[in-house]
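So that you can tell them apart, the chains are marked A, B, C, D, E and F in the order they are listed, and the count of residues begins at 1 in each.
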Amino acid sequence: MARPDGRESGQLRPVTLTRRWSIHPEGSVLVEFGDTRVLCTASVTEGVPRWRKGSGLGWVTAEYAMLPRATNTRGDRESVKGKVGGRTQEISRLIGRSLRACIDLKALGENSIVLDCDVLQADGGTRTAAITGAYVALHDAVTWLAERKSLAGKPAAVMHRSIQAVSVGVIDGEPRLDLMYLEDVAAEVDMNVVCTGDGDFVEVQGTGEANVFRRDQLDALLDLGVLGCAELAAAQQKALAS
Amino acid sequence: MARPDGRESGQLRPVTLTRRWSIHPEGSVLVEFGDTRVLCTASVTEGVPRWRKGSGLGWVTAEYAMLPRATNTRGDRESVKGKVGGRTQEISRLIGRSLRACIDLKALGENSIVLDCDVLQADGGTRTAAITGAYVALHDAVTWLAERKSLAGKPAAVMHRSIQAVSVGVIDGEPRLDLMYLEDVAAEVDMNVVCTGDGDFVEVQGTGEANVFRRDQLDALLDLGVLGCAELAAAQQKALAS
Amino acid sequence: MARPDGRESGQLRPVTLTRRWSIHPEGSVLVEFGDTRVLCTASVTEGVPRWRKGSGLGWVTAEYAMLPRATNTRGDRESVKGKVGGRTQEISRLIGRSLRACIDLKALGENSIVLDCDVLQADGGTRTAAITGAYVALHDAVTWLAERKSLAGKPAAVMHRSIQAVSVGVIDGEPRLDLMYLEDVAAEVDMNVVCTGDGDFVEVQGTGEANVFRRDQLDALLDLGVLGCAELAAAQQKALAS
Amino acid sequence: MARPDGRESGQLRPVTLTRRWSIHPEGSVLVEFGDTRVLCTASVTEGVPRWRKGSGLGWVTAEYAMLPRATNTRGDRESVKGKVGGRTQEISRLIGRSLRACIDLKALGENSIVLDCDVLQADGGTRTAAITGAYVALHDAVTWLAERKSLAGKPAAVMHRSIQAVSVGVIDGEPRLDLMYLEDVAAEVDMNVVCTGDGDFVEVQGTGEANVFRRDQLDALLDLGVLGCAELAAAQQKALAS
Amino acid sequence: MARPDGRESGQLRPVTLTRRWSIHPEGSVLVEFGDTRVLCTASVTEGVPRWRKGSGLGWVTAEYAMLPRATNTRGDRESVKGKVGGRTQEISRLIGRSLRACIDLKALGENSIVLDCDVLQADGGTRTAAITGAYVALHDAVTWLAERKSLAGKPAAVMHRSIQAVSVGVIDGEPRLDLMYLEDVAAEVDMNVVCTGDGDFVEVQGTGEANVFRRDQLDALLDLGVLGCAELAAAQQKALAS
Amino acid sequence: MARPDGRESGQLRPVTLTRRWSIHPEGSVLVEFGDTRVLCTASVTEGVPRWRKGSGLGWVTAEYAMLPRATNTRGDRESVKGKVGGRTQEISRLIGRSLRACIDLKALGENSIVLDCDVLQADGGTRTAAITGAYVALHDAVTWLAERKSLAGKPAAVMHRSIQAVSVGVIDGEPRLDLMYLEDVAAEVDMNVVCTGDGDFVEVQGTGEANVFRRDQLDALLDLGVLGCAELAAAQQKALAS
């Protein structure tokens, strides 16, 4: 099976990071990995939840969701179903954990930032696009706080690393980078790799539901993921410089 | 109080209707009334809900929602709260009723169409923008069904009218068309007018929470609403012709 | 189609307003519009919700509900379904908005009043009967507060207007006042008109789901609604005088 | 502590059973035990729940609820809270079990009857009033089915016993019949006794939260309960004869 | 029908009370009545719920639940269903009321104890085993508080009685003690008796869903229940002495 | 920091797998990893969910939960909170995915097996103990089906691999196997490794919330995980042979 869009196995889809896509949030980025399109917003509120008051520490959390027709067939709204599904919660938790790895909550001071990642259109890799875009939105929100002199520490100390994520997988025995939906459902192994700009790992999640995987396959996927993340880090830097 | 964006009292904000904004839905329109931005999608499924089977009638329904940071301060997600709020349900019902007024369910045949109106950015008039955009998305979805020869009647019979909506209100005693958020909160009377392309009414909802209103004010608002809807009908036609 | 109970098109059903129907509430009125029977109670609590404390303003809110067998076929309880339906929420919000239009929350002072409108028997017009009865219950609750010297302003300043509501509709092309259930389901256009005792409008909601309506029909319905409300205002005054 | 209304310790409050209180249900009774006022309706539907189809057996179930201001202080609606409370469920189950003891589900045939007991005003003994009233509503519903020739057995076989219930309790060491609210909260022991018209027991529930109770107290309370139920059975018979 | 395990009609199943079954709780008892196996834990927290602060009184409450496969066929989890069922709530309330009858909340001081009774395996009598085991777990938790000098009164004053419970029922006309599941479903009358170690009653609940019962049967069941509770009280004492 | 229980860094805690711990389920195993104690049951039902009927494929799913006092401080019940938390759902999904990797759903035929993993006592590694125990319970359930000749394929074909899981983590820079709770909260990196008896991977989840991790650390943890799983596979085999 060739890649549906003709890419090389180690090639990312076109990536765009559009800052200030919406007017209200302190940080707001429309991230696109090919046809996958996620709106990432960072909302700042002064103060922290009650249980954290007086700790001197800030709070960063994330919520992920999909519009009902982001996918090929319409999904029922979780608000209408009255509960947040397991997949949604799992991804929200992953995004929150990943982004907390790049921020010094003490330097942030008693401020709260909520990262909302809403998938407007899905074509595989929504969670990795969300993490990659949320980093830029978070950066803008921290800059906004810095301009208001509301940070406890120096801006550079608050965000001491960048964070990126990409999916990798094995299709027909071949390791591939940044899977589209058609590849995702065909993958024997599927892995999400979250890295720092320095090439260290923040989170690694590999799953072989249909098939199991060997150590050498795992190694090849990790290599590919690290390469992809490095490219994404460059794209983030470029977006933040503009 | 002058209008924040310098408009005449009877002037609409710039209106754009971007068709095929997303790739998956059978109809998909990004509608903008100034800074208000709503993604309207129409999702077709063959067949109708169980209780309607064998009736020969189709089914059209609508769901409205806001992204958490569509507004100036972040709102909690209804999925996380575990229930759909009163305002959301009220607007979803209004959109569904309004759009059902333009469609002949017998000519549609036993097909179901769900209209999802997700507010990506809010600056007043989100429900009227949603109705105006949803009409175009619905039109595209019916065309899609026509191309597949899946309609029970002729395409023209299915959608026998167009539907538009606009808000009107009285600010400082002056009737104004298409209120922005700043005007909406300052309005003494607030009215939503849903019309057909022929200038008839589908729905009229006028509220004077802070103040009551006289018959002559009501008349002036209805006049303004009808004018605004006629302009929106032209914009819809132009979008559908492109 | 003649009116099922032989009324003239501009005639109300027999209206009764029975004050002090129950012993516990500060205000309690059983309102009947023909066979429609709604128990309206006004419950006073000192103080206001947390977010309103220290504002000097009072708070009035409303909740509407139907007993499961108020209607011809039994409806499932919303408590058992675990959520309040869209229709219920919409009507609760309408009643609350309507009654807040007659009360000066500053003169009320930091007191809260909840208006519960429970439909014991339904035959069309339950929301308009509820608004008409709730006004009387609210009046009694304010008098109760006045007797305890718990108002911030003078009693007359607290309730500076009366509020009434009635349904109107077009059946077979004829505008009719105060629709029974059989008329309600047959109506081409259905409108609820909420007025003040001075004949001004508080809320106007007109819907033409099956059919659209022209401006002259709208005008005729508004005329009829204003007349009906004037009669209801007289009935309220008589009940409050007894 | 003398009884607040001057009754003898073995005396019931005035009991009224008003049949056909509402127009829609197949059976409908307003039952009053003094100031306690419960609307009991019996709703018939042909057929039984899916899991019971083809069994030849009918189904009888009950739901109990309180209007928010049935009591001295307003209680939040269970529909708004999104769940049915433990007390409500417990009483609903008790009413259902009690009434199923008087009906032959085989003779009823595959019909379903829902008994709704809504407390309009509460002054102690709401569950016992509900059971006593629901029996009469159920009787009327069965008669309604008999008139339509919809029963599997003979009417007399369907309802082979009558059912009544009353509360008893010990206050200041004295056993008393049919407790008012003021007595209920002061009782050392509180018991609900459900009997058949023949004086047998259907259900006995005795609780001594604040205090424990001795066998001789239990015996005295049972004696009192049986006497009270016999009087209630006579009241039911009289109501059904009218 | 002979007893499935060959017991005499007045004989309990083998009873074991294993203290300190788990390492974390302040009190923890695995209670077994034959094959019925319930884990009872008592969890202490300093302080009381907000509405009780400053009262000087402690708080004891209970929650009962079943593992999904404690029974012969798997039951859906109440967490997944999103609500606690009527039976579960009823039993939780019974356990809480019963145990509060043995504890002096003033002597307990402002401490809270939650009794969790989780049925690991069910064979009838789960609620009575739970009450019997919870008493021992509560005793251990009070001792734990005494060792920390955290009680307001003397330890002996805090728990001034013991509490036991047992089920009794009539099968084929014969009164039997401590019903197994097979007997429970076959019983014409089913009663749960909660006693103190002094032989007084705390709660008596008798139900005759399929059949009604006479006073002499009730008397025989109460006699049997009191005897069974006395045996259980001895087993509790032995366990606490070990 | 030395290991709290004095183990070597590459040493598992004592592992026990007690089959047939409860009498009702088709498979039932109490698994203990040191003080972590999980009851794993496998419940068989004939047939599959509606959407899978006629596919010839079976269905295996899992649900994980914790008793409220399995941990050091009591957690509120998810049934009482009315929703299943994110962590619970995430682990339930992980267990289900892991166990589906060892079963041939075609050979299983149209049978459903639910794996319930209830944590009776927690001391770290509850999800890995659950997976390890659930494999044995699932094996017993498949044998039960084989004895009833209810499998579509040969028993050996149904379960073609064994599945084990263990946690690994880095504490003070040292990679350790099978973390206790005290180690879990102190870990810089935390990873769960799910393997087959052949040493292949089914799932790998590594998280470095407080810290990031390098490739060489990841490699060392994977090595350790594979070794631990091999030991667990031997324990499973021994348990199944007994």
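In the analysis below, contacts are C-beta pairs under 8 Å (C-beta built on N, C-alpha and C of every residue); 3 or more make two chains touch, one makes a residue touch a chain.
In this text the structure is predicted, and so the values were computed from the model without any measurement.
Repeating the A-F interface with over half of its contact pairs identical by residue number, the matching pair from C-D, B-C or A-B is B-C. Measuring from the averaged C-alpha position of chain D to that of chain E gives a distance of 28 Å.
Rounded to whole angstrom units, the spacing between the C-alpha centres of chain E and chain F is 33. Rounded to whole angstrom, the centroid-to-centroid distance between chain D and chain F, based on C-alpha atoms, equals 50 Å. If you average the CA atoms of chain A and of chain D, the two centres end up 59 Å from each other. For chain C, the set of residues touching two or more other chains reads 82-84.
In the cyclic arrangement of chains, the order starting from chain C and heading towards chain D is C, D, E, F, A, B. Note for the complex: chain D touches chain C at residues 22-25, 28, 35, 37, 39, 41, 43, 45, 63, 65, 67-72, 74, 77-84, 88, 114, 116, 118, 120-121.
By the touch criterion stated above, chain E contacts chain D in their complex at residues 83-87, 89-90, 92-93, 97, 100-101, 161, 191, 196, 198, 200-209, 212-215, 218, 222, 226.
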